[in-house]
Amino acid sequence: MADALPLLRVREVSKSFGAVAAVRDVSFDLYGGEAHALVGENGAGKSTIVKMLAGVHRPDTGSIELDGTGQDLGTPADAKAAGIAVIYQEPTLFPDLSVAENIAMGRQPLGRFKTIDRAAMVRQAAQLFARLGVSIDPNRPARGLSIADQQLVEIAKALSADARVVVMDEPTAALTGVEVERLFAVARSLRDDGAALMFISHRFEEITALCERVTIMRDGRHVSTDLLTDITVDEMVRKMVGRDLGALFPKQDVAAGAVALKVRGLSRDPVFKDVSFDVRAGEIVALAGLVGSGRSEVVQSIFGVDPRDTGTVEVVGKTLKPGSPKQAMAAGVALVPEDRRQQGLLMELSIERNVTLPRSRSLSQLGFLTGNRERREAKEWTQKLKTKYGRLSDNVGTLSGGNQQKVVLAKWLATNPKVLIVDEPTRGIDVGTKAEVHRLMSSLAADGVAVLMVSSELPEVLGMADRVLVMREGRLVAELDRSEATEESVMFAATGQEATL
Amino acid sequence: MSATESAVVSRFANWNAAIIAITVIVLIVAAASVDSFGTSQNFGFLVLDLLPIALVALPMTLVIVTGEIDLSVASTLGLSSAVMGYLWNANQPIETIIPLCLLLGAVLGAVNGFFVTVLGLPSLAVTIGTLALYRGLAFVVLGDSAVADFPTVYTDWVTGSIGGTPIPNVLIIIVVLAIVFGVILHATPIGRAVFAVGASEQAARFAGVRPGRVKFWLYVASGLISGLAGVLWTLRYSSARADNGAGLELAVVAAVLLGGVSIFGGKGALPGVIAGVVLLGSLQNALRLSDVSNEALNVVTGVLLIASVLGPNLVNRLRRT
Amino acid sequence: MTAVELPAPHRSSLDVVLRARELGIVLALGILVLVTTISNPRFLSGQSIRDILLNTAILAVLAVGQAVVVITRNIDLSVGSVLGLSAFTVGTLLQNDNLPVVLALLVGAGVGVVCGAVNGVIVRYGNVPALVVTLGTLYVYRGITYFWAGGQQINADELPAGFLDFGNATLLGVPYLVVIALLVLVITGVVLRNYRVGRELYAMGSSPQAARLAGIAVGRRTIGAFTVSGALAGLAGVLFAARFGTIDAAAGTGYELNVVAAVVVGGVAVFGGSGTVWGAALGALLLTTIGSALAVLEINQFWQQAIVGGLILLAIGADRLVAVRVAASLKKRGSHVSN
Amino acid sequence: MTQRRNLAVLAVLALALSACGGTTKSSTESQNTAAPATTAGKADPNAPLKEGLKIAYLPKQLNNPYTDVEVGGGKVAVGEIKGEYKLVGPNDASASSQVSYINTLIQQQQNVIVVAANDPNAVCPSLNQARKAGVKIVTFDSDASKTCRDAFINQATTQGIGESLVKMASELAGGSGEIAILSATPNATNQNSWIKVMQTELAKPENSKLKLVKIAYGNDDDQKSFTEAQGLLQSYPNLKVIVSPTTVGIAAASRYVSASSYKGKVAITGLGLPNQMRQYVKDGTVKKFALWNPADIGYLAAYAGAALSSGQITGAQGEKFKAGKLGEYTIGADGEIVLGPPTEFTAANIDQFNF
């Protein structure tokens, strides 16, 4: 099925930022009609490779060849012109412009006097959506589209450009199972039309489902490129990490204590309705369901950053006021939010300020902060979590994703919570850190913390949780014990139909 | 690049330190080369001249650190002055008028705060709106007339100095408020919240900070201090007028940015801002004493303003390559 | 590919909202004119309308330029100073030679192009926020004008009659100044709506990050937008000189706030990406009409500024309300994968 | 939070209460007006004029052609008496900027400051500080409060100007009809005193058919005056004459009318500069207007300042001094020195003047 000659060759490219070498002498080939996976831990250099292909970064040395001719991809426009389309993890649409215009930007069909032919533009968008089998109104603004729909618009963009190389950087991170299937169907048809696909993901089941070949990177270097038929998942993990891992999901058994978090009749129109459940001390309860089923909204409403219409939340017997994170924190609730960059961290502030922000009031003496106590506290907690950083005064934005997540965890563990809510605790972090996070959650539960975990990764849910609560379209539809919870039972509850995975 | 070199560069890239150094150098050069710049009388004039900018720049720093802006300060000053004149003409006791003007300032600030935090409107647009609105109301209150004859006890205090020393009385107000705002910004949980809101409002909210509340009270503080500046302005010139302080907002914003506060929020320090205010004020004073025209000052202000952001940016770029 | 049923290209929901926004201003304008005319019918006399249009023309040209910059999520506070510099340059040239009007317009626009390009280059290459840059050049350009003028004033009697006539003469009953403003408006409006360059400006303002990734030459477009704003401010300077005949170094001082006010009232979002130059021009017309109406209604002129302020708050408040409504309706309508 | 708020309210209330029976305008009025002038010493009419006097001019603002002519006269006079001439001033006509300049002039140890006050009271404390430092203060154009200057150069008597403005208006209106005034700022001292005289004049029986319908303010801003003129004509269709006792206003109003359909129907008069008005006199928009010679004001101010500084005069009524080519002047009540009667300009004589 693959052509004999590579469509795109990456040859010994290197790229440094200041003193840090992000990518060193990496080479691999992409073939037309083939899907190629690129895997590696966070900080392995995958994103830099993507940005070089996208024309955002120019390689310091080495070359990128298309059809055997060297390309100088100095700007995104160059990459576009060369037929390379990149779909980023976070969609990059123009919220104020119409969907049709988003797709056609820079390639709008022209009519008389080089004016834009709007009718033709809308027609093209509608044709693309028909080909993708989706119904999005080309005339609506991009603002307000769900993440999945935004990804589809991004794919339509790539289609409209007749891209020969399509790079997808973790496109599935925010998608549900059905949406992933839809995306894969489209990706396969692109591949079958002769395009070369490059697919980046942390989920091995997706890689095996879609790709023919896999390139593994570690610490900015190329480790290996193999046919997926020649390599097992375990081998891949070993190559990525460079060492063997312990059990991925080490939940210890703990006898559940008293009810720590009690939620009754929580509703917020139109996001979720009548949600009731308990979490006991020492328990890890997973909140599963498709993206968009209202899980994150429920936990944000419990914590008080989102409002709620009706319902009560009790923490160790104390009723929480709606809409007040401050009071929730005082009662012993901590929330590690879904979106690390936007919600979890202040990227431009220092590590110490981030760690101690929620506790700045309790660390103050007579209302004043001199900085010493904050520094001590930040040092203590970052060390406990084995966070790697240069100085505490460095911007948290300079850390890798995994270490950033550790800072978020440190920040909340420092508040000594009775109820710890974690929303997608391991999204976008590498395998090694993932295991550390899991171990940490498990030991917290063992110390009597009630843990409520929102996760889209089924293995994580099944491995970690004592109980699984499943949400569908804003309602709690199932509660499964550890013994009852399987991939099938959870997916069945989440989708309301037989799982197709 | 060697280690020492990069240390020097990073020192320079810290604009806060740079601006303080520049200010000190300018003060020394001016004192040495401009006749009568260093006299105690001139020091008094200098302090009085930069009084309103110094006061208003304090809350403005905090507002800009949260990523917002308040362009209505000069109009609040004007309205406070106009109301002061109106009430004085209506034969109200000055001891009632002054607290009322401060209260008025706080209320005007609260109006800004309401539009920005409760309705969620962009502060640039809101405060351009209230800039026109408050100034307009000042003219409605007092028209084009001027009210004078404020009690000499008060006007003398404002223009006077601490018994026998060359230290102007109003310097006490500046110093006290600068310490208050400095401590709030750099050494209290409120200050941490201010920086957090400026760095990312959403993340701050997820850390239990109430951005709306923080910003609202900052606007109230901004209004209150502008009201105070209006009172002091009126007493200094013994003249309440609707156009008092017109255009001051740009000078204040310029001083704050010159002091190294990022217009995008999340970064800045009060000592730098004080240095920025002193730098602009003393440059103006020294140039005027040297018979250099106002125009030169305009150009210098503009260039410094751009340089305050451009300089560190260029240094960073050089360092990267 | 199988034949699919395509949605007929209809007016997009975006357009409908924008139209409604501009209709709001037109409505406000209509009510204002009606009320004023009832109290004093002379408000609708030819001379009165001509005066309003003439005064609008200058503000509208500035507002169009400002809108272009604001749409890209920038701001240009230096327009008043650029206007002053251009007016003085043209005035000085005309003092000595009787230049043809077209040349005067070109010189003025040329001065503006240089000023605008300087703004744009500093914003682009210096990576300095537009607010800071243009606040700085507001001082610098004004300072240059003062240096040059040094207290000199150019009076009407020093300007060639041909140039002054241009400030008052009409083309088929429409003053030249208004014709120029309309030309500027229509050309800019069409470019912004119907040309790729224009749509890229909206894209940049809507999401600068995405624009860079989409391969839009963000830097060049930014410099371009500032250059256009500068050029139009320069052009407005010539119109100013022709209209008022007296030019000193202070010409156009404080205009920047009026211009921003007109743009905001006209529905251009200060955070870029939406709004039209038509709205901005209507905003300019509304503000000018209010000024004239107050004089005619014998409302204390001091109210004018307060009313303008209130209007800005009203406009952005209304925009916010509409945006919330639209967002809610879009969310409800949703759009899902059709299985 | 609520506690803190209550505290704040309490504090305000406490302040307000404690204020009962505090300092009010009426309670301070006697005390303020009692502030004595500091002029002391005796005049020595025979003292020679000192040489090398530093005389600084501080007009309302720079960049005003009328002001330029005034200070131009001053420069000539300072040259004649071998002094050091200096001109400083703000770009905006605000009192606060003037105060900064006065402070600077004190630092520079000038001997005489010739100032046109933007606000009669706001500049006072600084002027008095200057006088304490031995600087003589001469005001021109717009007087400062009497308590803080040594002499005031009055262009013409207030009465004389008011009367001549009404006389011109009456002639142009043909003795009856609506007239309007386009002034500078409402707190401009000179403008207001002229307008007051005009109102008294208009109340007289011989002017009973003239109706003053509106006083508009153009703030001595060209554009504002232009727009105000436009507004006047729209609001008062039967308007016959616009009287503008300010050079900026009359020029702006003339320019508007000359290019509008009102030309020939509405007459403009007032106080204007011949150079600015020449065009409108020639095209018939303006029949006549008046003014004193502004250069003489600056000229006279320099001599008055020098005489003060040399001890020839102290500013007391009845003292006499010589002012170069202008001859001898006598100080009137309140330290006023009157320049002389204004000149009327018409198409017949305008070409003889160049200022």
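So that you can tell them apart, the chains are marked A, B, C and D in the order they are listed, and the count of residues begins at 1 in each.
By definition in this document, a contact is a pair of C-beta atoms (placed from the backbone, for glycine too) under 8 Å apart; a residue touches a chain by one contact, two chains touch by 3 or more.
Given the structure is predicted, the values throughout are model-derived calculations rather than measurements.
**Student:** Which number of steps is the smallest that gets you from chain A over to chain D via touching chains?
**Tutor:** 2
**Student:** By CA centroid distance, what chain is farthest from chain D?
**Tutor:** Most distant chain from chain D: A.
**Student:** Could you grab the centroid distance between chain B and chain C? Build each centroid from C-alpha atoms only and quote it in angstrom.
**Tutor:** Measuring from centre to centre gives 30 Å for this pair.
**Student:** State, to the nearest whole Å, the distance from the C-alpha centre of chain A to the C-alpha centre of chain B.
**Tutor:** 43
**Student:** I'd like the Å distance between the centres of chain B and chain D, where a centre is the mean of that chain's Cα atoms.
**Tutor:** Those two chain centres are 34 Å apart.
**Student:** For chain C, what residues touch not just one other chain but two or more?
**Tutor:** 146
**Student:** If a residue has to touch 2 or more other chains to count, which residues of chain D qualify?
**Tutor:** Residues 91-92, 217 of chain D touch two or more partner chains.
**Student:** Give me the residues of chain B that touch two or more other chains.
**Tutor:** In chain B, the residues touching two or more other chains are 143-144, 247, 294-295.
**Student:** Can you identify all of the chain pairs that touch?
**Tutor:** Applying the touch criterion to every chain pair yields A-B, A-C, B-C, B-D, C-D.
**Student:** Using the touch rule from the top, collect the residues of chain D that touch chain B in their complex.
**Tutor:** 12, 15-16, 18-26, 28-29, 31-32, 35, 86, 88, 90-92, 94-96, 99-101, 103-104, 106-109, 119-122, 124-125, 145, 185-187, 217, 219
**Student:** Which bits of chain D are touching chain C when the two form their complex?
**Tutor:** So the residues of chain D in touch with chain C come to 62-65, 68, 91-92, 217, 222-223, 226-228, 230-235, 237, 251-252, 255, 259-262, 275-276, 278-279.
**Student:** Which residues, counting only chain C, touch chain A once they are in their complex?
**Tutor:** 1, 4, 6-7, 9-14, 190, 194-196, 199-200, 202-203, 205-207, 209-217, 269, 272-274, 327, 330-338
**Student:** Note which residues of chain C are touching chain D in the complex, please.
**Tutor:** Checking each residue of chain C against chain D gives 40, 42-43, 45-48, 51, 55, 146, 149, 151-153, 155-157, 164, 167-168, 244-246, 248-250, 291-292, 295-296, 298, 301.
**Student:** Going by the contact rule set out above, which residues of chain A touch chain B in the complex?
**Tutor:** 18, 303, 305, 325-326, 328-329, 335, 337, 342-349, 353, 356-358, 360-361, 364, 367-371, 411
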